[in-house]
Structure formats: structure tokens, C-alpha cells
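Each of the next two complexes has subunit A plus one other chain: subunit B in the first, subunit C in the second.
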Partner chain A sequence: MSWTLKINGTPQTFEPSEQPATLADLLKQLQMDKAAVVAEVDGQVVPREHFAQTVLRDGQSIELIRFVGGG
Partner chain B sequence: MDSLVIAGKSFRSRLFIGTGKFASTSVMAAAIEASGTEMVTVALRRVDIQNPCDDMLSAIDRTRYQLLPNTSGARDAAEAVRLARLARAASGIHWVKLEVTPDPYYLLPDGTETLKAAETLVKEGFVVLPYIHADPVLAKRLQEVGCATVMPLASPIGSNQGMRTKDSIAIIIEQATVPVVVDAGLGAPSHAAEAMEMGADAVLVNTAIATAADPVRMAAAFKQAVEAGRLAYEAGLPPKSTTAQASSPLTGFLRNE
Partner chain C sequence: MTPPVFYELKSAVVGIAGLGGLGSNVAEALVRMKIGKLILVDFDRVEASNLNRQKYFYDQIGRWKVDATIENLLRIWPEAQLEGHKVRLTPETVQSIFASADVIAECFDRADQKQMIVETVLSKMPDKVIVSVSGLAGWGASNEIVTRPINNRLILVGDSVSGTGPGIPMTAARVGVAAYHQANAIVEVLMDLKHGQLSRGAQ
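What follows is the complex of A and B.
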């Protein structure tokens, strides 16, 4: 069965073969440097050292955030 | 010059730099270097999933500069607290420039929500530097709840209008027991010098440097202006007079009285 994860507000469908087991797997799939990213899963901040242990499920809402220039 | 101390940390430079609006990361890094600053602000935004780009933080040497994540984009206290927590998770830094700006046109800060967020964040162990309107009463309230500084605006963010709130900032400086950092609207080195001569403890500048024709030279100009203004404040400005006060002796003229 396919999954839908809402990533940064946009729903994305994942077929069974491409479903990321953990947050770290998702970042790898999206080709993101995990050192530069901070994540929230269903409104809860996930510390970077827990990315690999954070198991993902269908229907979750994930925010991936990074630092940018700002005043 | 005296050092500036915020939350027990000493800063030799009284110029804080914002990192927005620079044409490139390399220009930003060169401007930071030229400014002599030891405190730089950064913002948090969603990653563009289609286009994850480089980490701008890698251009900032965190052993030399205190990173100050801001809560820009927050429209109320809850959003600001969420951003501060995310910034801490991302960087391990518990310093935050607290800004709550619900109005996108003037970007003026919401004092009520800022105070609410400040109380929460101080309790959670954050070093809170709140961006506020030049409101002396609010500045006192923020100080009372444990903020590390107050950061009144000179004029709206990015407007380059200079010290439009000068009289109120003077009252804040007179009453504050925490450092006063004049933030927003400083469009020229002379504006920064003016704030420092009044006794502001530091200034925060972004747009005036980042959008100058030569940001690196402008950063150097602000550095000198901030140092000159501080030195003048420490030296003690002489009183003003409505009439002339002769600089040369008023005796021994070559004429017969």
C-alpha cells in the first residue's frame, strides 16, 4: 500500500518499494545533508542524533528546515 | 573601549551583523570579516525539497562568531517559541533574537506576543534578545522577565531611515539595566554612530551593508562608525548651547576698547 507523507506542507506519495524506514532514510532519498537540516515530525522537534532511530509511518507530517541568511 | 557583556559572554565588537540579502555567501563572509563583528544573526526556513542547496552556516566560523538565530516569520508567541526550539535543535545554540512581526507591511513587532514568548523562552533556558518597538515600558517588562538585552528599532526593518525613534531610545538607554542594542532601520554609518554616541551598547545592521554597492567596504565603514560613536560616548560629549561659546580667548584683542 502506498504512503503519503506531508513534507514541508506538500503531500508526497511513496510506493512500498520507496518508503523510507526512518527520517535518516528520507533525508538520504531527498539527497539532503543531514548536518544542515533540522526536522519536525508531527510537530515534535527531532534532534539530529535521533534521525536514524525515528521510524516513519504513513500519514505523518514532516518539516525539514535549515538556516538561511537573515537579520 | 569597554567590552560589551551579554549573558556573561564578552564581545569586543559592538556591531552585530545580519546575514540576509547578501548577493552571495562569499560576499557575506567577507563583509562579516570586514565588520569586525562577533555576533551574526541567521534565520530558519523550510528546505526547498526540489532544490536543497548548500548550508550557509558552513561559511561562518562558529569559533569566532556567536550565532544568533532569529524567529523571523513568526506572527505570534507560539510560532516564535517553535522557531527558537527548532533553532536550538539545529545548532545547539540557546541564544535567540526574538521577533514577532504579524504585520508584513511595516514588520513592526507585536509587544504583547513578544513578552509572552520571552517569558516561555527564558524559562526554557534561552538567552533572549527581543526585537521591540522603542517602547520604554515594554523594555522594562522584558528586562524583568529575564531578557538578556532589549533591541529597540530605530525605524522599520530595512527602511534605512535611521534614528526615527531617538527620543524613546534615549529613555530606554537611561532606564535599562541590560544592554540596549539598536536594531533595524540604520541605513548609514552616521546613524550607527548617532546611536552609539547616545549610549546604545551595540547596533545590529543588515540591509545597509548587504545592499550597498560594495558591502565589504560598507561593513568596514560601519565598524569605524560604531567604534567612533562608542569612543565619543565614553569620552563624554560636551553640553549643547543655544548661543556661541568662543573657542579662542575673549581678551587681548588688537584693538582699543
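What follows is the complex of A and C.
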């Protein structure tokens, strides 16, 4: 069964073969550097050191805030 | 002395994390608006290469940025309330140094440091608002720099994509656009907090 994850407000469909097991897997799939991302799952901030243990499920709403250098 | 622009913000406290291109400009704008008290944090000294965008002067090269910033701000307004800390911020010191701040301005250079402070404020400081910046390198494209609320405690300024890198310098004007977006967002948040409303800015 396919999943829908709402990522930064946009629903995205994931077929069974591409469903990320954890938040860390999702970031890898999206080619995002976890050292520069603040993540919220269903409105709760997930600290960076917990990305690999945060299991994802169908229907979740995920906010990924990506930082680039410069200031 | 001229009166404050915002009488109701006389008691506001703003924390500024980093006094580079963003922080040195944000601090100046807030002092000119006479906003309460500023908590200024930076672990570095002024270098010649900073002068292309940071609010320092040639004769301040080699000085601590905290000291140089305080000197410059007191020349604008001698009664400004300023608290300086020459430390490198960590998740622990962010919480202790900015404990009295209403709003925190993330003015770091490195992406991992931006991540650190935003994560810390959102996860461990539930009564604080943070205004952060991502994407300000290069030149031109002023209108791609935007201010957008991510949630009710995080406001993000920038174009979200323009990081520094080879051939992509930081320039005074574009960094300034972002810094003044940031200072303007801080005023807006402080006014919203003061009036207990979510409406934003001039209608």
C-alpha cells in the first residue's frame, strides 16, 4: 500500500519500495544534509540525534527546515 | 535625545547570536529604534575581510566583535542597554544566556550552527520566538529574499537556497537586505507579543 507524507505542506506519495523507515532515511532520499536540517514530525521538533530512531508512518506531516551557510 | 519609535518596546529584550554581517546590522537597526535591551554574543574578533559587509571600521580590526559592536552602538545611543558575551554558543549556553530574551535573532554564518540554535530554541525554550536566516549569499535578486513564518515560534528570512561557496561571495547589500528583513521581523514579533495578537505589520 502506498503512503502519503505531507512534506513542507505538500502531500507526496511513496510506493512500498521507496517508503523511508526513519526520518534519517527520508533525509537521505531527499539528499538533505542532516547537520543542516531542523525537522518537525506532526508539529513536534525531533532533535537531530534522534533522526535515525524516528520511525515514520503513513499520513504524517513533516516539516524540514534546511539551512544554508552565510551571515 | 530623540524619543523611542516604539514606547511599548522599551522593556523588550532581544538576543543576538553572532555579530557578523547579520548581527552587526540587526543590532544597529534595533538600537536606532531604541528597542529595550540587547544581549550580544560572539566569540570572534574583527578581521579585515569582515569589512565588506559587517558594521565595523578599519581601526577596529583585531578587536573583539562584542566590544567593537558595543562601542559603535553607544555612539548611536549612549543610554542603550547592552549586555555582551564573548563565548561560543552551545545548546546549554543558548538557554542560559538568552533566558531573559523575548526574541532571539539567529545571526550565525555556518549552517550547522544555525541548525543548532533553531533546534535548541524550538525544542527547549518554549516561550521564545526565533528569527533565523537561510540563503543570502551572492548579489541582486533582492525580491527573492523573503520573511516567512514557519510556525508561531520560528520566522525564516532569506531565499532558502543561496549558500556561500566558491564564486558565491557574501556582499554588503544583499546581506543588508536579509539583516533588515530580520530586524523588521523582530519588531513585528515584539509588537505582536506586546499586543497579544497574531496580526502582522502595517495593514
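Everything that follows uses one rule, which is that the second predicted complex is superposed on the first by the 66 of 71 C-alpha atoms of A that agree within 3 Å, B and C clash if a C-alpha of one lies under 4 Å from a C-alpha of the other, contacts with A are read in each partner's own complex, and residues count from 1 in each chain.
We take it that contacts are C-beta pairs under 8 Å (C-beta built on N, C-alpha and C of every residue); 3 or more make two chains touch, one makes a residue touch a chain.
Since the model is a prediction, treat every value here as computed from it, not as a measurement.
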In the overlay, answer first, second, both or neither for which of subunit B and subunit C A:64 touches.
-> first
Once the shared chain is lined up, is A:30 touching subunit B (first), subunit C (second), both, or neither of them?
-> first
Considering only touches as defined above, state whether A:38 meets subunit B (first), subunit C (second), both or neither.
-> both
Given the touch rule stated above, what does A:7 touch, subunit B (first), subunit C (second), both, or neither?
-> first
Subunit B or subunit C: which reaches more residues on subunit A?
-> B
Go through the superposed model and pick first if A:48 touches only subunit B, second if only subunit C, both, or neither.
-> both
Interface residues of subunit A shared between complexes with subunit B and subunit C | 33, 35-38, 40, 45, 47-48, 63, 65-71
Residues of subunit B touching subunit A in their complex?
-> 18-22, 28, 41-47, 49, 52, 54-58, 69-70, 72, 85-87, 89-91, 157-158, 184, 204, 206-207
In the complex of these two chains, what residues of subunit A are touching subunit B?
-> 7-10, 30-33, 35-38, 40, 45-48, 63-71
Over in the complex, which subunit A residues touch subunit C? Could you list them?
-> 33, 35-38, 40, 43, 45, 47-48, 63, 65-71
Using the touch definition up top, name the residues of subunit C that touch subunit A in the complex.
-> 18, 20-23, 107-112, 114-115, 118-119, 122-123, 132-137, 150-151, 154, 156, 158, 160-164, 170, 175
